[in-house]
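Same chain, two partners: chain A is paired with chain B first, then with chain C.
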Partner chain A sequence: MMATTQCGVFHESYRSDMQLRPTTWQRLRVVVVFAFIIILPFVASAQNLRIANTVVIAAIGAIGLNILVGYTGQISLGQGAFLAVGAYSTGLLMHYYELPWPIALVLGALITAMFGAVFGIPSLRLKGLYLAVATLAAQQIVGWFVRNWDPIDGTKADGAARELSMPRALFFGDKLNDSEFAFYVVGMIALVIVAVVATNLFRTHIGRAFVAIRDQDIAAEVMGVNVFQYKLVAFATSSFFVGLAGGLTAVHSTNISFERFTIDVSIEYLAMIIIGGLGSISGSIYGAAFVKLLPEILRDVGLWIADQGWLASGQLDQYLPFAEDAAFGLAIILTLIFEPEGIVKLWSDLKAYFRLWPFSY
Partner chain B sequence: MFKRFLIITVTLLIVFAGATPRTSHEATLAQDMEPITVGAIFDLTGPTSDVSQFYAQGMLGYVDWLNANGGIEGHPIEMISQDYAYSVETAENLYVEFVNAGSVVFQGWGTGDTEALRGRIAEDEIPFMSASYSATLGDPAEAPYNFLVGTSYSDQAIILMQAMLDEWLDQGYAAEEMKVAFFHNDSPFGTSPLDDAEAWAAEHGIATVRVPMPRGATGFDAEITTNVVEAEATHIIIQNVSSPAALLVRNLGDLGLLDFVQVGCLNWCADELLINGAGDYAEGIMGAIPFAPTSVEREGQADAIAWLDETDGPSLAESTLHYTQGWVTMAVMAEGMRLTLANGEELTGPNIKANLETLAEFDTGGVTAPITFTAEDHRGNRALHVYRVEDGVWVEASDLIDLREMEMDME
Partner chain C sequence: MRVSKFDRPYESGRPERHQLRVENISLSFGGVRALTDVSLTCEPGEILAIIGPNGAGKTSMLNCICGLYHPQKGRIMYGNHNLARTSSHHLPKMGIARTFQNIELFRHMTVLNNLMLGRHVHMKKNILTALLYWGWAEREEIENRRFVEHVIDLLEIQHIRKQMVGSLAYGLQKRVELGRALAMNPGLILLDEPMAGMNVEEKEDMARFILDINEEWGITTILIEHDMGVVMDISDRVAVLEFGRLIGIGTPDEVRENPDVIRAYLGQDHGGRS
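Take a look at the complex of A and B:
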């Protein structure tokens, strides 16, 4: 049987050494994944596709955060702020400069990257919890800005409520904030590009410098890594992807308000990468899917229980929300106790088990 | 081409996919008529759950009560509802889901979800009510499918200032000596009434100052020193939720300022929770309350009281005024649907909207001022009684102050 994982594979050329998926079975698995991605929008109902779209956005954001936290070891509580900068800059560029949405998305992400680099400056002196608090400042400052900055009011006739009305974003005639199918196509293309770019990033000297800083910054500096410069690059790269996720959130909505980007969102994203796997691109995607799908699945389980008549529907309304919160907390605790490396480790353990199956020794 | 090719390939692969069933309050009576689906979101676990849970119970209570009493023209209401923990993203997901499940109207909750859904409901033509009373939502040019059952925040602030001004003049002062500090939640919710209120104050020669209340603050002494003591404010109007408002009142009390400054609350802090939180310091605080508090008796509360009693629920006082708020909001929506059916029209969003716009002087039994919608104005009323805390309960402190009547008199 051919190996589905890289076991006993010997490379004979640099080209084969550079491949992301060197074995045929691995490539087949990629084909299966792509088949799933392509089939999903045709079989899923509108609301399920909508949930899939929130997973796609979250996955891009989680990959961004993982570059910073998982790979470079710089804790950030400013995720919500970076998402907000991406969303508002995309929306404002579309509104005031009437830029087409793909250009606004990329520019919005670039603006977020610059913003992220600025808030990365304290990382030169601050580490761990101290840095976390510094990024918390970003969260507060951006929160104040989007609530009080006048141009955001200007997007509608009456400035009584401060939120940004999104101009229409059309994709082959379908509105992105209306057609889940159209958004899925756009979002999924973005996710695939982000995932491939991010995976390859850690095969370059830049990515390896990030990992060196995470593992031991003094040793990295001794080896010639410019720690400060690479920390800023890590903040900028991470923020770029997070800004892209924010921009996608914006084009997926009709109105955006600060309530979408609170500190809770920052914590939710941290939960995603902890559950999925710190320092792993695929782990970020698994984590995003887990965090976004868990409430939906719990709800369906709850409804199934109600259908069995074990609980009156009134009782379900009463208990289900709390069961969701509890299950979420439990998932994080269990991950930390039993599999601190996250879902991605479970998956690789599974692959390791089947590598020599059924004749493992 | 590519999409069509895929569709053909994929249809062969489809096994099953479909909508999942939702929690629902179904008809308690066996009725042959087709149920009317109504989607609703509540905050049962999020930051506003302290008040939203009662609002939710009131709304669900009304649906059960109505179904037990013949429904809408014989049709029972099937309310599909879900906690969204004040997350805008969840609210949007649930909205799409409930509308796909056949919801013809929608009951929202907070400013965040109401603003986020505003554009979408207009495109989907889904009449929408919520407990967010920004004046913009009552303007059909801005928000064609939003309807305000409660008095808008702007009108609440103006009515409260009118009552304060009347008392101030009675005490022998001049309007020019009055200075109002608007302590507000630093968010769209908090700033919503300020522009209109300041414009009104300027017309009457009253000075004003804005004071944002930072989120999660543990005290407001600094804000008070600068904006009340040094700036010599004579009145304070709070647009925030009960807990920070109670903290502000305590700070004012501890500094001994409550004897010199008249404090007033708009509806989200003028409730029983403020009195619990501020204790004795709450005495004398004024409140602009569009939905009658449980400490005053109104005929419109009778059905709710009887229903709570019949279903062994808590008393109305325990359920707070937010129970009747949810109850009445659903009653107004149900009336719009009843009119549509009574006129022999199909139950669609545009028809319900058109019929809601014919609602004139709809009587909520005194829980609110009568509700009137027109095609030009979706503010249900512009009138309320001002209340005041006396001996730990809200009592009526003014007659009904009606801005619509006052504006007509001016003309």
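Take a look at the complex of A and C:
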């Protein structure tokens, strides 16, 4: 792969060479993105803002998963469990200890980080699919635990899934689980912080060590990277962000139940980072947006088709879940066949095309 | 920040060089005896070549020294450390670096990042400062970047600095791998077939780099190589392995005259006409 960067940019210090966005145009793009982020909540309907909020939460979770799977190369099927640990620990801390929600969020994320590090221990011996199966154990254990553990409020008859009702979280007088606008502000601030610190991580020796472990673990070991220790750090860092996403889910809800953190969720998140781009922070965000927006777009298309009178009443609701699954599967297959490096590669190819045009050789 | 060829960045922060003493090591995998009772020493500052037919145990020897294999018997002393009982990620702290026979670079990283990974043991900032980046971590990156630029300068790979390693030609990859080992600023470097698969010109370049880092930087070098011309030209001493045993060690001239070595390489005279 050739590095297509803008020509005519000459750096005079290592500091400027190491900048993330060295050119004016790149900085302008950042300004445009921020303008979009700020204007969106004022123009979007409450319904669309709710969708935006699910994208924001998913993006934080996807960045976390990408640190582990995309950058460090440790396949994890325990994403749902890690989200659950984040959500339940945040919820329980607020419920029982009446902690203010920001503190509960951070503590919940820290608890998830520790939990992730523990489930990273098998990575000492296991690689690839075998490790994926080991992380599946996390999924099952957490699932069993929240269904059977007493402190989690049993609102339903025993045997059925239990729910934990969330105390209200106030943000300048607005309830986070009521006002989509208030949650958007909190969630977006969290996403921006997570995206920036995750990008920073991969500009330093710790992030490089993660990537080195993915590419060539023996060479990394010989170059002085304590592979086991760094794998655990990767698990912990990844789980911290995933736990934060889980905590935000909790704060966004009136109650939390385990149905929202099943193995399906783990696979959905893997799809996000595959479609968006493995080993890319911005790819995680694109992937999260794609996967979360796809069903909404399908629903709109379905409603339009129903409006045309092509479907009898009730048929739409009958077909939609199947259409969603099919579109989801199709998206993954098409990505794997045509652009295994994901949306982020499409975007960089597009930029390279215009940079090289009209002499693209 | 200009990089001058006359700077000597490698003189600061280099771990002390020691004599390497391999004492009676034996290594076996199940029933296969890869190394049998091998002893040799390598003095600080010398170039020691290890030669031998395929499967003689040369790479196993390097793997024992750098902690990837742990021999069942014997010691490998470097200073006060027994390398035979040390995990490989501790070796860079003692100043031991190596390259691999089949290039083991980080293919999806740029050349620059590969070399920066070579600086890993010199970078100590914790994860919180790494997440914040601006300030401490950035300063540490710049300090180490300066050293890496010296290596880039020495190996003449400025033009591929920002390219992905996986996209580079084989000869350049070999050079980058040497660069990654050098970036560590080692006192002892282990090179596993640094010239395999290269054309004459690339071999000459590589030989020049090996001599440069040995003479100018003063790095002790142990190398495995099959090209006898190169081995006899650049090494101070040559060790010959055959079937896991050391059959000869000495200066190139001594080894060339050693009857065991001649037998190993040219075959034994069974009394037929010669």
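The rule is short, and it goes like this: the second predicted complex is superposed on the first by the 328 of 361 C-alpha atoms of A that agree within 3 Å, B and C clash if a C-alpha of one lies under 4 Å from a C-alpha of the other, contacts with A are read in each partner's own complex, and residues count from 1 in each chain.
Just so we're on the same page, a residue touches a chain if its C-beta (ideal position, glycine included) is under 8 Å from a C-beta of that chain, and two chains touch if they have at least 3 such contacts.
Every value quoted in this text rests on a predicted model; they were computed, and no experiment measured them.
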First, second, both or neither for A:P151, with chain B first and chain C second: neither
Touching partner for A:G128 - first (chain B), second (chain C), both, neither: neither
Which superposed partner A:G329 touches (first chain B, second chain C, both, neither): neither
First (chain B), second (chain C), both or neither touched by A:A219: second
Touched partner set for A:P321, first chain B, second chain C, both or neither: first
Partner chain in contact with A:V227 - chain B first, chain C second, else both or neither: second
Between chain B and chain C, more extensive residue contact with chain A: B
First, second, both or neither for A:P100, with chain B first and chain C second: neither
Interface residues, chain C side, partner chain A - complex: 1, 66-68, 87-89, 91-93, 97-98, 100, 104-110, 113, 116-121, 123, 125, 127, 130-134, 137-138, 140-142, 144-146, 149, 162-164, 166-167, 180, 184
Complex contact set, residues of chain B against chain A: 6-7, 10-11, 13-15, 17-26, 44-45, 56, 60, 81-83, 85-90, 92-93, 96-97, 100, 111-112, 115-120, 123, 134-136, 139, 141-142, 154, 186-188, 191-192, 195-196
Chain A residues within the chain C interface of the complex: 1-3, 5, 13-15, 18, 197-198, 200-201, 203-209, 211-212, 214-216, 218-227, 233, 237, 279
Footprint of chain B on chain A - complex, ascending: 38-39, 42-48, 50-51, 54, 144, 147-148, 156-163, 165-166, 177-178, 180, 253-260, 264, 295, 299-300, 302-303, 306-307, 313-314, 316-317, 320-322, 324-325
